[in-house]
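Per-chain residue numbering starts at 1, and chain names A, B, C, D and E are given in the order in which the chains are listed.
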Amino acid sequence: MIEISNLQKSFNERKILKNISFTIDDGEICGLVGRSGAGKSTLLRCINGLESYDAGSLKIDGFEVKNHSEKEIRQFRKNIGMIFQSFSLMERKTVYQNVALPMECWGYGKEEIDKRVKELLKIVDIEDKIHEKPRSLSGGQKQRVAIARALTLHPKILLCDEATSALDPKTTQSILLLLKKINETLGIAVVFVTHQMSVVRQICHKVCILENGEIMAKGAVNEVFMDQPQSLRNLLGENEEVILPQDGVTIKISYSGENVNDRLLSDMAQKIGVGFSLVWAKTEKYRDTVLGFVIINVDKNHISLVDKYLNDVGARWEVLTNE
Amino acid sequence: MIEISNLQKSFNERKILKNISFTIDDGEICGLVGRSGAGKSTLLRCINGLESYDAGSLKIDGFEVKNHSEKEIRQFRKNIGMIFQSFSLMERKTVYQNVALPMECWGYGKEEIDKRVKELLKIVDIEDKIHEKPRSLSGGQKQRVAIARALTLHPKILLCDEATSALDPKTTQSILLLLKKINETLGIAVVFVTHQMSVVRQICHKVCILENGEIMAKGAVNEVFMDQPQSLRNLLGENEEVILPQDGVTIKISYSGENVNDRLLSDMAQKIGVGFSLVWAKTEKYRDTVLGFVIINVDKNHISLVDKYLNDVGARWEVLTNE
Amino acid sequence: SSSKTTTSEKKEITVAVSPTFKDMANAVKKEFDKDGYVLNVKVFDDNVLPNVALQEGSVDINFFQHGIYLEQFNKNKGTNLAAYDEKGVIKYFMGIYSNKIKSLNELKEGDKVSIPNDPSNRGRALKMLENNGLIKLKQGAEIPTKLDIIENPKKLDFIEMDVLKIVPSINDVQVGCVNSIIAVQGGIDPKSALGLEEDKESQRYAIVVAVKKEQGNEKYAERFTKALKTDGFKSFLAEKYKGAIIPLF
Amino acid sequence: MSESIYELIHTIVIPEFSKTLYMVSVATVLSAIVGTVLAIVLIITHKEGLKPNNVVYQLLNTVINIIRSFPFIILIVAIIPLTRAIVGTSIGENAAIIPLTIAGAPFVARIIESSLREVDKELIEAVKSFGASNFQIIFKVMLPEAVPSVISGITLAIISILGSTAMAGVVGAGGLGAVAITYGYANFDNTIMYGTVCILIILVQVIQSLGNFLYKALK
Amino acid sequence: MSESIYELIHTIVIPEFSKTLYMVSVATVLSAIVGTVLAIVLIITHKEGLKPNNVVYQLLNTVINIIRSFPFIILIVAIIPLTRAIVGTSIGENAAIIPLTIAGAPFVARIIESSLREVDKELIEAVKSFGASNFQIIFKVMLPEAVPSVISGITLAIISILGSTAMAGVVGAGGLGAVAITYGYANFDNTIMYGTVCILIILVQVIQSLGNFLYKALK
């Protein structure tokens, strides 16, 4: 469990983290998103004590990171895996040696290391480069090595700093599935910094949005994405601006997992006899639910009928207007 | 114009690029996608002559990259901007100096440099870090500096190697808009290596899919995405596996820009009286069109009616089955 | 301080010396520096370059070598240097010293003997060892080296080293061969030698003032020699070198 | 000779100290210039360099090694004709600067070569990608990036040159090191010997601190 | 002296060559060990190091500078008591190894220190992040990453030590450099002087090639 309260951190008098407070339980995957320079990497580095903090408290399983001896910190770091934004591999060692390093440092036996390293390299699908040096790896291959390295010691907490940014969708997919599996079977906590919202939706239980060093929103992923707080909109921008038709009335109907299979649309056409055209639609799968919306266009004179119908069936809907 | 034909390249006897052939016209933005290690970065490096090639031809505006004097190559590179996957900034220079470097190398005047650098730093929104060194920048900030540096010399061709991978959605958005604007107003050609399909959809005219050093698919973006060739599916994986309902028949109807506003669904409900439930829906905006699909579920005994109706209106559809 | 082509008369004279002789040169400076003359003492930490400097005209005279070395140098380097006064002005002697034994008879087989590694001191040391019956040298070696030893009955182990290092490392050998100047400067009483060089040998190695031939510098050499050959200098030697240096005037 | 410490300081230490400073600074500047040029040529012509040329590389490499093989005193003697051609004499401070430079330059060259070799390959490629010339790559990128390690290398070189000036005493160049040897060591005078060494220690400490300060400022 | 080249080679060159090899190799190994330890302590205790300790750092820094300030010949004399305490005598090859090591170690220390300082900070953090101890960070990460520049630094050091043996030879340790000086230079015998220098050149070339080879193999 990671408990952060009122954490503060400055670089050269400039406050980078301001009053950060949140908690991540064991077995939870928490997405940490925010604009470039918001302080995500810095926060992550505070969590495993690579960066000190000026004020506030940061406890891992009740262990206050700041005030401990070096030896305790080492032991504590053993349980925290971190995947760095810049990979940080040893240039002069092979892929195998890079991944083996943490286990060597903790004095595991040769055979045990060999087994674990090969297993991990297989999982991240980079077995064929096992004896290459980082210099001759592609960006994504380096990132996979870094991922493997972070997992060697079976960490209880995993800190991922844009761990899939250099990976293609399919590889990303398999890494996420891997993390999800580890999370579910071993109950490890994961903090996942990322700019890919699809990643957040797919594996995170909850999400924190960081803006200029402050947490502006936090909560269960589907709730935050449904609520679309200002901070989220600031982050996403007007991602896919829908061009609304000039004529008629445009209506956005949201649905979530429970009612997605309802015959809402066909019922509307059949029961109240209102025709509609589909303007836009989107369904998104979350870790364990499905959310989505459709945007339809109906004739102006049908609007009151539609209004009554949608309210009667209890749908979540709104009328969209240009600007 | 970039003309590549039968390009081949090996590292230590291993073929990395095999028979690559494609053309990018002036004013075109070409997405280059493929799995990690497919050879995208290598291809990009061949284009501006950082990497030699073993066989085949690579011409930029009729200029065969391979056989030219160093001086010609320099002149030629002046017109090619490149954004590197690993940023590659000078550690000992400030942001300003890093961005100014290309212009200094080409002997521009101090004032001209100052104007251009400040303009670019403003565009990539990193003015406040102008006198910082890379060491104290976040990942995304470094990437933005690299983007600014690649644009200083007003290149005619821009090679981007995962140029937005470390950026949040909104910043990505603004960078893409910038590139689009440059592309449209100055007619520069862009080769954009990326793993973010949304980026490809948003700014690319065409796309090449690289698989193990071979081009497996190429063409206009919307066509490739509609056709979903095997190589694209290999790349995307089963991104969002739809859980199909057990009962009834599940049908996927694709639509494109032209027919998205048609009242296909409500007509179906009203004219042939078939009710349906919505399983999944997705609309995606491309550079200049909108594509999408809906997946609906109808009762088994209605299938022949639906079949006839959809064929009559000329819809693009298919029946989905589990597995 | 170039001596070539002087129109007005030159009054500033440079003498090249090695470290051993610099104090002596400085001691006569007062005597030399009269009538507007000035003596510059240039110290060379070496025995070759003072002659090179004299030959190339960078100095006017030098004062550090004996006639035999000068001859040898001329022969090997093709220089045309000459002693101003071939008899020399001072001499000193080579001796065998020890902190461990009282007599040369105590020398045992395989004992270590340190000898200087510069040619003239080495040659003198070897000749002295021959003279004291410890070794036998090849006939006719003007300046002998270790290679000229033909008999070494006690199988003495000769260690060549910088003449200056012989005194500090005297405890690491059975006996050391060193000249009286170095010995006295290093704190060894020159008269405590267990064996000495023949006096006529010492005489052969008298120190001379050297000039380059036919440059008209003899007058400076003469002036310098005159400054040396004074009673004041004699008492300076007696006080400072405690009998290690014997004036030849 | 140690009768009057005051006189000693006045007549020996101060002038010899300034001679040392003079020799070390001129020789350092010259060595740094020559050494840097050599290092750059080595880096450029190296097999993986900007303009590979094995003949030039091997030649230079060998010449540098040959010079570095000479015991310093023999180097001094061996290059007397050169020294005389340049400064007109083979003795004195100015004459000492020539062998000091010739011995120092290859040292500096090796140090800068090894610093330049460590500059990130990818960075060099990035700079190539916008058409920088080899000259610019060296002077605007590699050297500035390597500056801290170049500085600590040059600090090392200055101290080595200072060490060599002690030997420059053989050409009558004087200087503190020579005083320590000729007045101290050769005269068995410990006061002078350790006294001058103390001054050298202070000098080295100053050079090192300056080097560290620059290193920090530029890192 | 040059009457019989054969005899000369047999009685002087070969034994002196092996003396040189012996002195250089032992002194190099010792300097490398001592120098590496010193460098590590410097790096660890440095203000931005793994375990900052300004007292230790400054102390060590000063001691290194003091040693580096001694003209080599004076160093030899100054540490005679130490040399005698360690090897029982102040003359001969074994005795020369002590000053050679004492002069070589600070040189190696500075070179390794500067190589270690260049190791990527982010990499060190990554290694810290999985709980490596300071010892492991140094030996498993910093040193291996810095190995190529350490090797070219040690090559530099070996050649410097070889240069110093020439001087050590003058004070009684023998070796090729001493032969070049005492039998060649001081005896006006150019054959011996340049002959032995040629052997030294070959030796340096071999050392350098070995260094380059290792550098390439490990880069």
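For this structure, a couple of remarks:
Here is the rule we go by: a residue touches a chain if its C-beta (ideal position, glycine included) is under 8 Å from a C-beta of that chain, and two chains touch if they have at least 3 such contacts.
Owing to the predicted nature of the structure, the values given are computational and were not obtained by experimental measurement.
Both chain C and chain D are touched by E. Here the two chains linked by the largest count of contacting C-beta pairs are A-B. Each chain gets a centre from the mean of its Cα atoms; for chain A and chain E, those two points are 54 Å apart.
The centroid of the Cα atoms in chain A and the matching centroid in chain C are 88 Å apart. With touch defined as above, residues shared between interfaces to two or more other chains in chain D number as follows: 73, 77, 148, 167, 181, 185. Residues of chain C found to touch two or more other chains are 48. In chain B, the residues that reach two or more other chains under the touch definition are 86.
Each chain pair that touches appears in this list: A-B, A-E, B-D, C-D, C-E, D-E. The touching residues of chain B, when paired with chain D in their complex, are 45, 48, 50, 70, 73-78, 80-82, 84, 86, 88-93, 101-102, 104-106, 149-150, 152-153.
In the complex of the two chains, the chain D residues touching chain E come out as 61-62, 65-66, 68-74, 77, 107, 110-111, 113-115, 117-118, 148-149, 152-153, 155-156, 159-160, 162-163, 166-167, 177, 180-181, 184-185, 193-194, 197, 200-201, 203-205, 208.
Residue ranges on chain C touching chain D, taken from their complex, read 2, 16, 19-20, 22-23, 42-46, 48-50, 52-53, 56, 58-59, 164, 167, 185-187.
Residues 11, 33-38, 40-41, 85-86, 136-141, 143-144, 161-162, 165-174, 195-197, 234-241, 245, 255, 260-270, 273-285, 292, 294, 297 of chain A are the ones touching chain B in the complex. Contact residues on chain E toward chain C in their complex (touch as defined above): 1, 7-8, 11-12, 76-77, 80, 84, 89-92, 95, 170-172, 174, 178, 182-183, 185-188.
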